[in-house]
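The same chain A turns up in both complexes below, where it pairs with chain B and then with chain C.
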Partner chain A sequence: MATVTLNKAEKTYPNGYKAIHGIDLKIDDGEFTVLVGPSGCGKSTLLRMIAGLEGISDGEISIDDKVVNKVAPADRDIAMVFQNYALYPHMNNYDNMAYGLKNRGHSKAEIDAKVREAARILQLEDYLERKPRQLSGGQRQRVAMGRAIVRQPKVFLFDEPLSNLDAKLRVDMRLEIKNLQQRLGITSVYVTHDQVEAMTLADRLIVMNGGVAEQIGSPIDVYERPASQFVAGFIGSPAMNFLKGKASDDKKHVTVGDGVELELDHDVEGGRDVTVGIRPEHLQMHSDGHGRIDAGVRMVESLGAETLAYLDFGANADNVTLRLQGTHQFTQGQKLNLSVPAEKIHLFDVESGKRI
Partner chain B sequence: MYQSKWRIFTNHTILVLGALFMILPVWIAFASSTHTREYIFQHGLQFWPGGEFFSNYGAILFDAEATKGRVTALEMLFNSMVLGLGFAIGKVIISMMAAYAIVYFRFKLAVPLFWIIFSTLLLPLEVRIVPSYEVVASLGLLNSYTGLILPLIASATGTFFFRQFYRSVPDELLEAARLDGAGALRFFIDILVPLSVTMIAAIFIIMFVVGWNQYLWPLLMTTDDQLYTIVIGIKQVYNSLYEGGQIPQFPKAFALTIMASIPPVLVVVIFQRMFVKGLVETEK
Partner chain C sequence: MKRVQFEHSAVPYLFIAPQILIISIFFLWPAVQALYQSFLLEDAFGLSSQFVWFRNFEDVLSSSSWTRSAIFTVVFSVLVSVLSIAISLFLAVRADEVIRGAKTYKTLLMWGYAIAPPVAGLLGIMMFNPLMGDLYMVFNSFGFEFNHIENPNDAAFVVILIAVWKQVSVNVIFFLSGLQGIPKSIQEAATLDCKSPERRFWTITFPLLAPTTFFLLVINLTYAFFETFGIIDVSTKGAPGGSTATLVYKVYVDGFLGADMGGSAAQSVLLMIMVSVLTVFQFRFIERKVHY
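Moving on to the complex of A and B:
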């Protein structure tokens, strides 16, 4: 049960590279926070700073209102699950889970009770005597989680724990982690580059880019109102379409492609150049010709449950993704008539990428 | 891979011939050690064993007179064992700890220190033997096991091998141990040492054999017969060849040589098995 507070936390490496540019964040008790971003954005560094494996160059990190900048990792009352599991290969799974408790001087009986309880929760009871290498990837990751939960820490830290697993197992483990975290109610910070994991697990999402938190908010909020072009492009799959556009003089429309005028739900400065963002799932197809967009089909991908079509509707808009439910038969070059609801159009500043 | 019968046959023929060729001198030494000295003196080296096995080996092992010194071969074997084990174990411990410091502790001189240690690889014992002798003599350690072993146990080779091994251990393991509350010493003993078992076995084998075969250093260090190692003992027996008046002790010299070579062979055979087992087990 704990809160984690970051106050202008910064990380500068000895070679002068600044990995984290001052992050302010308050993670509530029991909250599941996900740090997401492309590789090199500093998300793992930030997690390791909370863990104490990396020093803090400036600012403060507190766990439960106690500043932990100078506290050793073992004394921060946190537990971490690593990408490569980091299980001790020469110990059996029981000893792997018990090691942290042993070092903290718990009694044998107490350790045994805690390890067996964790093993029960994680359905590892039959594997305790085995060595980690005798387990599958998913089971190893569960042992790693067991090692974290036996200590009943204040904070769980996950560093891309699922990226070494195959796709199906990843979905199962994702649900399991979410379930476990809710049951135990332990404050968690989870790092991933996978936006599906981020969306499904997070109570709160932190999208990072270049050592800066670009947006902090609930997953749905981030999806519906991305604060910048970067966030918009990163969250959502297939990625959002970005088109070059120009606001019309009446401030209520924006022109993209070959003179396609789209209606807006809010005013923009007339004549301004903007980046127009449209999610593939928000393009609607019309059979009666009411749509404002006429586009030609370039290519089609049928996924069964949905169909992706790549469209061309003019200059700077020649590779727009359309996502439709169900299966659809299109021929190459076929003309489609489309529209976008005004409230689903995102506008971004051309220079700064900020939402308008 | 498919191999024709003919090819298997030739491969094996070459291997068998090579093995026989290598073992032949050892066999001749053994066969010659089982004859009387008069017989060897008259007829030269022997290819077939004679009937003096028990008397020759018994005399050497238990009768100090037979080795022309004041110690029996048994005592010399013991001395060699102390030297070999002390040398190998000492080297393993020292080089593991040195490598641990170099790899895991961030101090400014780590890299230059490592290269200084590494560069001593270029300097064999013989180069520094006079100063080493001087130091040991002034410490009053001549004619002691300590003096025999201590100056030799720093090992650049061992340090280098352990350093390379530690660097291949994933950092996450260290981080996990840190989160589990393991300090520097705990991590070393609980995690690193068990992980390096195969490395330890490998270094131990090599170093035991090197230690066992040390000649120059024990020769210089020990003036007291009681501390003679078996390798020096062989020389001692041959020495008596030149003292005239008697028929040379060829069979006993051969017997001593055979005995001197058995322990290293045993160590290699025993630890090799462990070494290979370890290698197979850590395979992922």
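Moving on to the complex of A and C:
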């Protein structure tokens, strides 16, 4: 049981590249925190700094109020699950799980009990005598998880643990990880670039971009009130539609495309240029023509449960994606009449990308 | 399981023909010649020869100088292999940990590879020259009474030193590439699981280097058996009194200098048998334990 605190944590590489620009964060006891962002955003670096695999250039990282900047990785009482499993190929699965305990001087009987218990939880009992290479990807990842849980560490660190698995297995393992973490109640930090994993696993989501935490909040909060255009575009699939817009003089509307006025639920400075964000699932289609947006169908993807339509909007033929439940038949060039509820419109500053 | 056999043309045989030709001319034919010659007794001028069955072998096996050479070869090969592997493993692991100037260290460690064995032998023997050799002076200034020209043990020390020095660079190259082959994440996982670097080395790094080490053991034994010929010929020439003559060197001395063709051929046949047995042994019993 532990908390993890980052106090202006920074990472500058010897070549001068600054990977992490001062991150402040407090992870509560038992909380499942997910670091999400595109590749190169520094999420893995941050995780590795917590693990002690990367040094901390400035600021402090504490586990349970004890500063660990100079503490060796093995003494931080953390366990990490790697993307490529990182199992010891020359040891059988039992020894893989027992290795960390052996080095910490636990008795043989104690080690055996812990390994068997972990194997039971992860359904690995039949595979303990085998070598990692004799297992499938999902089983290997389970052994890697077993290696982490036998130690009952203060903090679990996950570095994209599901990226090497196929799609179906990824969903199964995702549920398993969530389940396991809730059962064990161990503080966890999880790194992923997959926003579905991020949304489903996180108690709290940290969206990172360019070494900065763009937004920290619950998954739903991040989805409903993205703090910046970057977050808005990154979270949600298909990605949010962005249109150039201008606030009207009455401060209650915003104009997009060829003078289409959309109603807002909050006031905005009149005449200001803004970026208007609308999620594909929040566009509503009307057959009676009283929507304000008209757009022509360019391409359609039918997924069965839902239909994605890619539309051309306005004179500049801006791309707009529409997401509808169920199946729909559209022909190319067909005009659709759409509207969007005022509370579902997001406005961002054109320069800074910050939410207005 | 039945494997699919496709019809193919003669082209593949054409491609392997050069290699077959080389093996036939430089190995199979001489081997057969040696086997044939080992049954012959030839006069010193090579004018007449007589078929004597196994007498050459009896002479060789009962001669004390051959036994002595065989014992020296075994001791020499084991020491050269073990020492050069141990030293190069240590150097490679340390060089691998270096962050600043890693390339320079690695290049310098590999440098010795470019030196031919006779040149290494020449360098070595100059270092031990009683008149101007630096190492000779150093040892004697400590009061060792070091004299490789008269003392067999000192002479053995000199050839072993040169042979190890020459081989370390080759081993370093292989160990460095072996270390590169260990995934970084496995080493990182180990740093989370085990605090002591020494323990980590013996439980993770060393077992994962086992295939490299085994390969090098084979290569180094072969090297010590055969390729040290140049070193010995340039440095001690088997002196004093044949105490530093390996079996290969003795074959050359007895056959080409002593003109005992039959005896020399018998020795090389025995050598061939020993090496075959050694190779089979290595692959049978050691390789089985190193694969993971």
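To be clear about the criterion, the second predicted complex is superposed on the first by the 353 of 356 C-alpha atoms of A that agree within 3 Å, B and C clash if a C-alpha of one lies under 4 Å from a C-alpha of the other, contacts with A are read in each partner's own complex, and residues count from 1 in each chain.
Keep this in mind: a residue touches a chain if its C-beta (ideal position, glycine included) is under 8 Å from a C-beta of that chain, and two chains touch if they have at least 3 such contacts.
This one's a predicted model, so the numbers in the text were calculated from it and none came from an experiment.
Q: Label the relationship between chain B and chain C on chain A in the superposed model as either fit or clash.
A: With chain A aligned, chain B runs into chain C, so clash.
Q: Could you say whether A:89 touches chain B, chain C, both of them, or neither, answering first, second, both or neither?
A: In the superposition, A:89 contacts both chain B and chain C.
Q: Looking at A:79 after the superposition, I want to know if it touches chain B, chain C, both of them or none. Which is it: first, second, both, neither?
A: Touch status of A:79: both partners.
Q: Is A:330 contacted by the first partner chain B, the second partner chain C, both or neither?
A: Neither partner.
Q: Output check: A:53 vs chain B and chain C. Expected answer is one of first, second, both, neither. What do you get?
A: In the superposition, A:53 touches chain B and chain C alike.
Q: Using the touch definition from the top, say if A:99 reaches chain B (first), chain C (second), both or neither.
A: So A:99 meets both chain B and chain C here.
Q: Taking the stated contact definition, name every residue in chain A that is touched by chain B in one complex and by chain C in the other, in rising order.
A: In chain A, positions 51, 53, 72-74, 78-80, 82-84, 86-90, 99-100, 103, 133, 147 sit in both the chain B and chain C interfaces.
Q: What part of chain A is in contact with chain C in the complex they form?
A: Contact set of chain A toward chain C: 51-53, 72-75, 78-80, 82-84, 86-90, 99-100, 103, 131, 133, 147.
Q: Okay, in this complex, where on chain A does chain B touch?
A: Spelled out, the residues of chain A in touch with chain B are 51, 53, 72-74, 78-80, 82-84, 86-91, 99-100, 103-104, 133, 147.
Q: Quick check on the complex: what are the chain C residues that touch chain A?
A: Per the stated touch rule, the residues are 183, 185-186, 188-196, 199, 203-204, 207-208, 210, 292.
Q: Going by the contact rule set out above, which residues of chain B touch chain A in the complex?
A: 170, 172-173, 175-182, 186, 190-191, 194-195, 282, 284
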